[in-house]
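I've put the structures underneath this note.
Two complexes, one shared chain (subunit A), two partners (subunit B, subunit C).
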Partner chain A sequence: MLSLYYPTGSFLHRMPTWLKLVVLGVGSTALIWLPDSYWALLIILAPLLGYVLARLPWRVLGTDLFRLSWLIVFLMITQLIFNEPVQAATVIARLTTIILAAQLFTRATKIQHLINTVEQLAKPLKPLGANPYKIALAVALMLSSIGQIVGFIRQVRDAQRARGVRLAAWSWVVPVLVLSLKHADDVADALVVRGLD
Partner chain B sequence: MITLENVTVTVKPDAVLLDDISATLRAPTTAIIGENGSGKSTLAKVLAGLIDYTGSATIHEIEIATGGKKLAGRVGMIIANAAAQVIMPTVAEDIGLSLRHLPKDQRDAALEQVLEEHDLTELADRPALSLSSGQLQRLALAAVVATNPDVLIADEPTTMLDARYAKLVSNQLFASAERQLVLITHDLDLAARCDDIIWVHDAKIAHRGPDAIQHYLEHIG
Partner chain C sequence: MTARDLAHIAVFAALTAGLGLLGSFTVAGVVPITLQTLGVMLAGAVLGPWRGSAAMALLILGVALGLPLLAGGRGGLGVFVTPTAGYLVAWLVAPLIIGLIVGKRPVWWRVALGSVVGGIFVVYLFGIPIQAWFTQLTIGETILTSLVFLPGDILKVVVATLVTMGLYRAYPKAFDTSVGTTRPRAAQNH
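Then we have the complex of A and B:
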């Protein structure tokens, strides 16, 4: 039930979903050929320009950048350990650009449109025994699970705070795993009872 | 019509969740009552084809365990964890998923009707993740009822609801004369509205009939 879509009616919102997927896919692949250079960091401006073109409020961009900040810090540390600074900068530029572009895609695309497009794109796989609708549904479930798991983490941390216990920073991991498995079991039941299995 | 013949559900190694249950549910509305852990939800899962059993359980004379495809769309269930039942990101999209079998030109009108009937119009574009437990429960019911099943199994459908929405949901559950309702509930007032009442105790049917509530109340003191 993750809903990142932010309606503004921009041309990016109105663009066909398949075209957005193609641009995202081709653009991300093309980043492989980005030469190692500090100038590579400028490529991050491309998705940022996309946010402007999508007429998304600065608040939304700020939220998305904040979500990314931990990953960027983690990447910086690991890359600087294993790579030269210039290579590290290029890797960070590539990954940040891809993730920001993917976030922009979800901001400008309704999940329902994404599912319909995935279903259409998966149709050629039908003769091989694949069920396009189930592939599309799997995408929807994957996106919904992210929101659910974030909710479980919040729930477990709140429960720990409510009980006044000071536990290790990672103490939420096991309860969240248990909740996630139980939820997965319930979702499996729900798919059956909704005739979607 | 629902028929159960010697239905037993066991969980390895030796936990018996339902013990040799036989019953024929003909009434338009049947309530299943009983204490926590008595076997009510397991019985609901048998009817929805969610759990293996021995014996025979049929809906419209189709064996549930083997007739999944024949029964798909004819049996709907509201599971106790309503949040798990909601798959799509927004209220309207989730109900829309249930209406995808309709021709495209009829879907919008059908969606509007379902939203209105379940008092969800104002929540149509709300992310499902932001809904309260009660709102999720109402959405789960709307999404299941939208598929227009012949048999509706509802496992605790009013537990999270305030008085106003408990009444609304109750009325919706009993709204259709064509649909057979099997209601698993702790709400004895709601159970009393059903044509048939079954009290399940220790994995068996302890009592059945209009006085089942009375027997149940005497048992729990």
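Then we have the complex of A and C:
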């Protein structure tokens, strides 16, 4: 399954999902008022400590930091061109902290728990015509379709290569779209059979 | 919303995620293009304004849930607090504009116009101010740094137009919102 969740059973993993969302939201918002200073860089230690408390292996932290690196490099270049170094350091510290904290949340929270929380959160939208169950179902359908579609892409590209046609770089997009939308119609039929309309 | 709408929305969200997973290719050796915004343009042109926006809302919900659905396997709540957050917000609005401009039956110039207005103008309209705010640069400076993406965006408009017209020829049923599901008529009245 496509997931960033990494189970360790730490207290951060066991904390209720809504509480984690609240801590994350309040913490990220508070960082907006971080004053310009080189000391601001120390705030990055907070999410790093969180990774340790969540008992996530160093490899996971390494992967997440590596994914962040392109952004940090991009920020450094644009910041140092247009801003003072102190401001640049503060902006980088703030963004790195927020992103790492959110990533930590994702690492420590099961998707199913999050889907359940979404269903709960969507309940107040019911009077507006939203159906919390359908929203949760759509998320599940999207997840199961990704594997299918990646399969379609491989299939169409292999077929075109086998026929030896040299077409435009995007010539596979139309056949993949046709297969995907046909797949969607099949899924719709299956849903109707199961009583959903 | 019918089951067919739900399925189309979910599959198009998945398709856009899939286009991002494919990674990117480089044009003229400098400009990196991810195909993900192509998915945004196609959602509006193929599914129409409302279902197109719903597909992108679902994708963004998935990202917020922590799924690595954005180009390069990015995901999680973190992306909403990065300088690129505004572009994600624009994804909700872009299919709406594109779908309204394209209308019921796609005509090539309407698809191209819609993709330019919705897929480029609207995306930059939301993306640039938020990027400027996050990075503490002026709007003008941010526009300068964003110019490198413009050639790729123009290429994507061309591809989106060709693909939409191609799909309309190959599978016109996809554009027909009046079709329910393929079940027999008699069953519909219970």
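Brief remarks follow.
In this section, the second predicted complex is superposed on the first by the 130 of 197 C-alpha atoms of A that agree within 3 Å, B and C clash if a C-alpha of one lies under 4 Å from a C-alpha of the other, contacts with A are read in each partner's own complex, and residues count from 1 in each chain.
Rule of thumb we're sticking to: a contact is a pair of C-beta atoms (placed from the backbone, for glycine too) under 8 Å apart; a residue touches a chain by one contact, two chains touch by 3 or more.
None of the values given here were measured: they were computed from a predicted structure.
Applying the stated contact rule after C-alpha superposition, one finds that A:51 touches neither subunit B nor subunit C.
Of the two partner chains placed around the shared chain by superposition, subunit C is the only one that A:99 touches, whereas subunit B remains out of contact. By the touch criterion defined above, A:87 lies against subunit C but remains apart from subunit B after alignment on the C-alpha atoms of chain A. Once chain A of one complex is fitted onto chain A of the other, the partner contacts of A:142 are limited to subunit C, with no touch recorded for subunit B. When both complexes are overlaid on chain A, the residue A:173 reaches subunit C alone and has no touch with subunit B. When the two complexes are overlaid on their common chain A, residue A:5 makes contact with subunit B and with subunit C alike. By the touch criterion defined above, A:112 lies against subunit B but remains apart from subunit C after alignment on the C-alpha atoms of chain A. Contacts of A:153 after superposition on the shared chain: subunit C is touched, whereas subunit B is not.
In the superposed three-chain model, the partner touching more residues of subunit A is C, compared with the other of subunit B and subunit C.
2-3, 5, 111, 137, 141, 143, 148, 183, 187, 189, 191-192, 196 are the residues of subunit A that lie in the contact sets of both subunit B and subunit C, per the superposition on chain A. Only residues 1-4, 6-15, 17-18, 21-22, 25, 38, 42, 46, 58-59, 61-62, 65-69, 72-83, 134-138, 141, 145, 159, 162-163, 166-167, 170-171, 173-174, 181-183 of subunit C touch subunit A when the two sit together in their complex.
Contact residues of subunit B toward subunit A in the complex are 45, 48-50, 68, 72-73, 75-79, 81, 83-90, 93, 96-98, 127-129, 143-144, 147, 153. Those residues of subunit A whose C-beta lies close enough to touch subunit C in the complex are 2-5, 24, 28, 67, 71, 75, 78-79, 82-83, 87, 91, 95, 98-103, 105-106, 109, 111, 114-115, 118, 131, 134-135, 137-139, 141-143, 145-146, 148-150, 153, 169-170, 173-178, 180-185, 187-189, 191-192, 196-197. Within the complex formed with subunit B, the residues of subunit A that make contact are 1-3, 5, 110-112, 137, 140-141, 143-144, 147-148, 151, 183, 186-187, 189-196.
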